[in-house]
Every structure is written in structure tokens, then in C-alpha cells.
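One chain, chain A, links the two complexes that follow: it is found with chain B in the first and with chain C in the second.
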Partner chain A sequence: MGEELIICRCQEVTEKEILDAIADGATTVDGVKRRTRACMGLCQGKTCGRLVQSMVARQTGQNPADVPPQKSRMPARPVKIGTFGGPEDV
Partner chain B sequence: MYDVIVMGGGIIGCSVAWQLSKLGKKVLIVERTDIASGSAGATDGVVGYHTKKPGPQLDLAVQSIEMFKTLNEELGMDVEYGLEAGGIQPVENKEQWDMLSAMAEEQRKSGVDIRMISAREACQIEPNLNPDIYGALYSPTGGKVNPLALTVAFSRAAKKLGAEIMTNTEVTGFIIEEGRAKGVVTSKGEFRADAIVNACGSWAGKVAKLAGLDLPIKPRKGQLAVTEPIGPYLTATVQCALYNVIKFRPETIKDQTVLKLGSSLSIEQQESGGLIIGGTREFVDYEGENTFEAVETMMKRAVRFFPALKDVSVIRFFSGFRPYTPDGLSLLGEVKTLPGFYMAAGHEGDGIALAPITGKLIAELIVTGKTSYDISDFSPNRFL
Partner chain C sequence: MKIKETDVAIVGAGSAGLSAAYQAASAGAKVLVLDENRLPGGQLFKQIHKFFGSRAHQAGTRGYMIGRQLLERVEQSGAEVWLDTLVYGMEKNCHLGVIRNGEHWVVKAKKVIVATGAKENYLAFPGSTLPGVMGAGAAQTMINVNRVLPGQRILMLGSGNVGLIVSYQLMQAGADVVALVDAAPNIGGYGVHAGKIRRAGVPFYISHTIKQVTGKDQVEQVEIIQVDSKFQPIPGTEKTFDVDTVCLAVGLNPMTELIWMTGCEFCFIPAFGGHVPLHDGNMETSVPGLYVAGDVTGVEEASSAMEEGNLAGVAAAEALGLLSPEEAAAKKGEIRGRLDILRSGLFGEKRRSAKQSQLQNMADYQQKKGGSL
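And then the complex of A and B:
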């Protein structure tokens, strides 16, 4: 496996880019996300979030469970804009 | 020992640190969490003239937008700046038309091209815009940038010139000697410098309080959505007319819900294809969760102006705090009651656009004692 290995498939972020972000000072999944766009795609980190978390842990000498995951926000899965009805549908 | 300590690793702090480093100063950035972890990573990237308050704020924007042109080259990193994207503000009725026309007339005094156009012209520029509008305001030179990339680029460029960045480091107090600010006390120890810059954005009021200063900067929440990536849909940045009305003439708004949520529409398409949709302004202290009330209002307004968006999916809602000040102007300059303590905060929703010029002017002020543009209207001392 080389450093061109894709970790975040949605945003096509490679292992090397994530290692660079950690070297640049990222100590959390959000820190990697802000520097590389990993976890910012269609799946919102559902696929690569854990991988990024373990990479941060390994590089910074932490236990993976101690590395904060990315902040979760709604919606849990993509929702069409037309679905949001506004006050009339209450 | 440092020449300058910049508190806050956001877009303003990193810009100030880069400019100071360029002038040969030894800079330390002290950041409570991480670079771009506050508002810079929780906003859109509109860099336009037409949403700026006429007068000095707009004059600053004009100078800042000039600086954006060469940032990629100077920073050595692509900040995804789209210069000629243009800015459009669709207008829904004659009342809004009259208000925006009057504002545009004031804004043109700063020498910018901002004009009112018909609904037809607006739809020729942006074919996906709903033709059922009264008209629009148009500013051809409006642009957009990736604010996250820009903040990271400022920080890296500063580091290359010798600046140090301490993340996960919270300021807890100040070293004050003979009435002068001489350093900061942090969760990782004390650091001394000749000048201290408060660039803590929405948290700048709290940090100033640690130095005994009572400055009226408070957080105003903006909620946003990002959609799945789609093909080219929108070139300009679009803010509905209500955006400017809420910003500059809130007293004319009668609907209390609109006033409380500050609900207008701001929308742009990023280089990656996703659309960023936002446009709320709420005072809820530092409560940053998304609310169904705001989310529904924003999505409905998005479909009102761009009907085809009803079939596009949102992949994430998010929010950020904008540093509000009572008069809509940021606080730039040295605090007279505490020499050595400088403010560079309070840009509310204009922080991204004004970051380059803010960094330049604050660096000039600290290094030479004067600025290439008069910033006395922005003096923090107007509140002291």
C-alpha cells in the first residue's frame, strides 16, 4: 500500500494528505476534515471517519477512543430539499 | 519572547499573523482548539461589495477584494477564489426595490459597480433563478472563496515565515505591567510579547473581559446547509433582498419570526459542486445546534428562488457564530486604556471578505504605528 491510497472515497482524499494534515497540527477527526475535506462528502464520514480516527490516534500516540470523532449533525442521510415543508405542513 | 501574540487561529488571526510575519515580526498564534475551528469553517465564502454597509466598511471591502486577486500566488495554495462570479440579490416587491436602490446609491459612492436590473436580466445571468421576482440588484465583481482553505493557507504561509502556532491552548488571563499588556497567561503557561492581538471573533468579547475590558461583541448564530455535489448550477452568489434589509434596516421588518430568525436566503455553489445555503441570524448565545424552524425556513426560501433545488439533497446542516457589534462595524485598533492590546474582531458576516485587509492594516498599525487607510471609525475606543 502506497501513500496514494484513498481513505475518503467521497472526496478522494489520500492517506498522504491525511498524514500531512496530522503533521500540520490536526489532533482530531474534525482537524483532519478542515484541512483535507475528508468526511465532508456524500456519506459524511460514515465510511472513512473511523479510519481517520485511528490514523490520528496512531500518529499522535493516543488511544483511538480518546480521539474525538467528527461532530454529528442532521440529517442522518441525504434528504431532498423539497421534503422540508415549512409551517404550513404542521 | 515574541514580538506579537495573536489570540485566535481563525481567518482574521491567521491573516494578521501572516502579514506580521511578512514584516519580519516573530509571531505566536494561541488558539483554544484548532485552526479554522470556529466561524471560518462554518460559513459560506461570499466575497462581495453589495452586502457591505455603505461607507468605511465598504471601502475596506473594496481594498480587501483587490487583495484577493493575488492571494493564491502569494500564499502558494489554491484558495478557490472566483473573482468574477458576480453577486445577485433578487427582490420580491417594490418596497424592497426602493430600499435596495437607495442603499446601492450610497454604496456606489465607494466607486463600485452595483446596479438594479430587471427580472429578465437577472434570469439571463442566472438561468436557474425563478423569473417570478420583481427585479434584482447586481454586482458583477462579487466573488467567492473557500474560507477553510483560505484560513489554512494563511496559517501555513505564516508558519513558513517563522510564526509559531499553539493549538489546544486557552488564554486564561494577561500579563499587565505598568498599565501595558505584556503577555498572555494560557493553559500551557505564560508567553510574553510587545503586542497582543485579540482576533477571537465571536469569542473576542469574552477574551477582552479577561483583561477587564467591556466590549460589546456577541455571537450571532447563522445556520447553513450543504447539498450533494451537482453539475454547474449557479455562478453568482445570491442573497435575497431580505438579507440586506435584515442587515441594514431591521426596523422595517414586521414579521416577528423573520426578525427572530433573521431568515433570508444566501446561496452559492462551491467549486466541488455542492451548494451552500444559509441566511439566518439569531441571538442564542453560544448554542450551536440546528433547529427545524430555521432549517425549514431556509429550505423553503431556497426553493422559492431556485425551484429545481427541490430535488437536490442536503447532506449536512451546520452552524457558525458571527461576531456581532451594535453598529455593524468591526473593532480594529489599539485599546487606549490598555496600550499594547489590539482588537481585530467583530466583523459579523463580513469576516471572510475583510480578512485580507484586516490583517494588512493591523500589521501596519503594530509595526509602524500608522495605517495606509484611516481606521479611526473602527476604533475599539468608541465603546470605552
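And then the complex of A and C:
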């Protein structure tokens, strides 16, 4: 059932892929993100980030307090590249 | 790129942000409120139920009426409100990256108040990506703001106040709520809300969770299963319901993305929804000039959010020299008194101790930082 269970909807990352990433050495949400693209989609982890956080804490035996969310970067919301680069850059 | 300079910039025009705007602008500050939505008010205008608490908190008044009154006060205070406006980022110096009508702005404010609220928790289970599975808050927006019924037969997961209130409002809107399910052994929300739903004949399944949702192109059936005291499913206890919608009311978490970008200090408070920014009694964070208010500081409820907004607005105005220390102390004393009342009683006590530990974490951080200088 884990293989079918989708955790990150934006990037269609399954529970199994995230567990594999943790088994591969990921100890943070960012580690999982870099290996699987979970939290890298349109919503930037606003939906799945919390689930990934709790999976990382549980699998690695860390206190949830020590597993912060994925690193927050601009843009915090989807924006058009053209807004920054001008109309030629659309 | 255009530059906008102001005394106080407030991100979020909900309960906390509007209250902060009213306080700061009334004290004479030039205030700019930014919100990504088309309408101000945040969650207030979705709340068609009567609020609880004391008369000072307008108990008995429906949420959207409180929102209207607050909005009127803000309009009279002279604060400027930019709607349909995206704050996509914040620099370490608290300059805000803003997009409005397709134009790129940088907002430079002497004080910034982040009042971005919270977002709904999500759960993954087989079928959770099928159309028809949605947050209870999303369902509430659909019925109370957009006047669209998300479905006809609904199962609600989560018996906290959000799950209870939204279930009742879905029924008022004409939907059939077939069951209210909660993994905890008790109903989470107020008895008065639970009683209304129970009297309407909706069955409660406590110590149950969703096993799976099935359907071809959308939700058609949901299977629930009983859990033991360790929340492990008990095989053989499955029950199936024909539904077209499954609502998740499994808690909220603070929308802290902008605050993290500044390097602000955080602590972890499960009762508040996870990692929350440290702040002092003036709602100022570890980043000088950056204030927070409302659910983004820890998920509570609308009345506390308004009071935290009041506090942040007064404190920012004081820091700008627009209120004398005496004037500010009098106002803050009243606000803190009302906050204490909101954080008392059976349901408030947990939030009071959570807030105390958050303030204590800030005091410890300041002491540590002071010691290392």
C-alpha cells in the first residue's frame, strides 16, 4: 500500500520514495526534498511538508522539534518570471 | 520595480492584521496592509456562527459581523489596504517583495507585522488524492463565501471545533453529513457544537480513522476503521459509507514561510501547530522591527488573533514614537487582560501555558544573546 500512497501531490512523490530517501541518508526535510522533489512543486510543501517532517522524525528517531520545515525561499507563492524580468522575459 | 515606503507594513488582512492596522493607524502611523485575497477579513467572513467568550469579545455576535465592524474601523483609521496583492518574500532587513496588478514592488517599512494566519493540515491515505477529498476550511469557503455546495453526502474527519462547525454549516447549506469521525477517544470541540450535530442525527465514530477512499474519477466510497489506544487499526472493524466528499479537519499549522526567510528564531510547540516564531510581550520577534500576530504565532482562534493584532499595532506605534510609554502601557495592559481571559478555562489553559513557554523561550534567547555580546 505504501508504494501507491502519494505524499507530495504536486510532484507525485510516494511514501515509498520518501522512505527510500531517508534510508539513503536524508535526515532533514531538505534532504528528502533534494532526493525526491517532494515539497518542490507548485505549493512548495504547504500540503505535504508536515507529513515529510513527521516521517523524517519518526524514521530517524529525532525529536520533531529538531526537524524544521524545508528551507523557506523566495518566492513563497507562484509568480510569473515575466513580473521580474519584464515582458521580453516571459 | 517600484518602491513603496511606509511606517508599518502588515502582511495579512485577517483578524490579526486588520486589528494591528487599526491600532497603528489610529495612533498616527502610515500603515499599508497587504493581502493576497480579493476581499479583506481573512477567515472572519466565513464565520457565520456566533462567537464565544465574554462580552468584551463580542460573544453572541456572528463572525462576519465582527469582520464588518473591524473593516469599518480600519477604513476610518486611514490605513491603506492593498488586496489581490502577493507578498512573495521578505529580506533579512524586512523589506517585502510584493506583486500587485502584475507589477513588482518593494515595500520598505520601519516596522513589519506578519499576520499570515495558518493553513490546514493534510493527511495521506489510499485515495486521498481523489477529487472530493478536501480540507474542512476549503469546504467552508465554498459554502459560506462562494455559495457552492462541495457535495451532497459528506464524511467529516476530525471533531475539533472546525470539524463540528463546518459539519453543521454543511448541513445548513443542504448537504447530508453521513458521519463524523475522529481517531481520538473523545470529541475534540465544544459540547454545544457537538450537541447540535448529534441532535440532527449525525453518528459520531470516535476512535476511528479513514482506511481508504475509493472511486473511479472522484470520491464514491469511504471506508473507516476503529483504532486502539495506540491509534493502531483493528482489523475487522471496517465500515463503509457511500459519499461524494470527504472533509479533513485535522488541525492547522502556522503559515510561517516569510518569517523563516528573515532568520527569525523559532521554537516547537505542538499545541500551537508546530514550529512557531519566538516573540516578546510586544509581539516583536528576534528580528528587530519584525512583529507577529494571530495564528502565525501559534494556532488559537479569532478573538485571540484580534487581541494579538491590537498588541502588535500598539507596540509598533510606540516603537515609532507615536504613543508615549504611558499611553502604550495603558492600552497594552487592557489588551493583555483580555488575552488572559481568552486563555483561561478548560479549553484556554493549554493555550495559556503554550504561550507562556513561547514567551519564556524568547526571554531565554534574549538573555543568551545579551550574554554573548
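Rule of thumb we're sticking to: the second predicted complex is superposed on the first by the 81 of 90 C-alpha atoms of A that agree within 3 Å, B and C clash if a C-alpha of one lies under 4 Å from a C-alpha of the other, contacts with A are read in each partner's own complex, and residues count from 1 in each chain.
Going forward, a residue touches a chain if its C-beta (ideal position, glycine included) is under 8 Å from a C-beta of that chain, and two chains touch if they have at least 3 such contacts.
Just so we're clear, the structure is a prediction, and the values are computed from it rather than from any experiment.
With the C-alpha superposition on chain A as described, chain C and chain B fit side by side in the combined arrangement.
In the superposed pair of complexes, A:42 makes contact with chain B only, with no contact to chain C.
Angle at the C-alpha centre of chain A formed with the centres of chain B and chain C, after superposition on chain A: 140°, rounded to the nearest 10.
Touch criterion met: A:79 reaches chain B and chain C at once. In the superposition on chain A, contact is made by A:7 with chain C only, not with chain B.
Touch criterion met: A:28 reaches chain B, while chain C stays clear of it. In the superposed model, A:15 makes contact with chain C only, not with chain B. Minimum C-alpha separation, chain B to chain C, in the superposed model: 8 Å.
Chain A residues 44, 73-75, 79-80, 84 lie at the interface with chain B in one structure and with chain C in the other. Those residues of chain C lying in contact with chain A across their complex are 36, 86-89, 97, 99, 102-104, 119, 121-126, 128-129, 253, 255-258, 260-261, 266-268, 270, 274-275. If you check the complex, the residues on chain B that touch chain A are 34-37, 41, 148, 152, 156, 165, 167-168, 227-229, 272, 290, 295-297, 299-300, 302-303, 309-318.
Interface residues of chain A facing chain B in the complex, by the touch rule stated above, are 11, 24-28, 30-31, 34-35, 37, 41-42, 44, 73-75, 78-82, 84-87. The touching residues of chain A, when paired with chain C in their complex, are 1, 4-7, 9, 15, 44, 46-48, 50-51, 53, 64-65, 68-69, 71-77, 79-80, 83-84.
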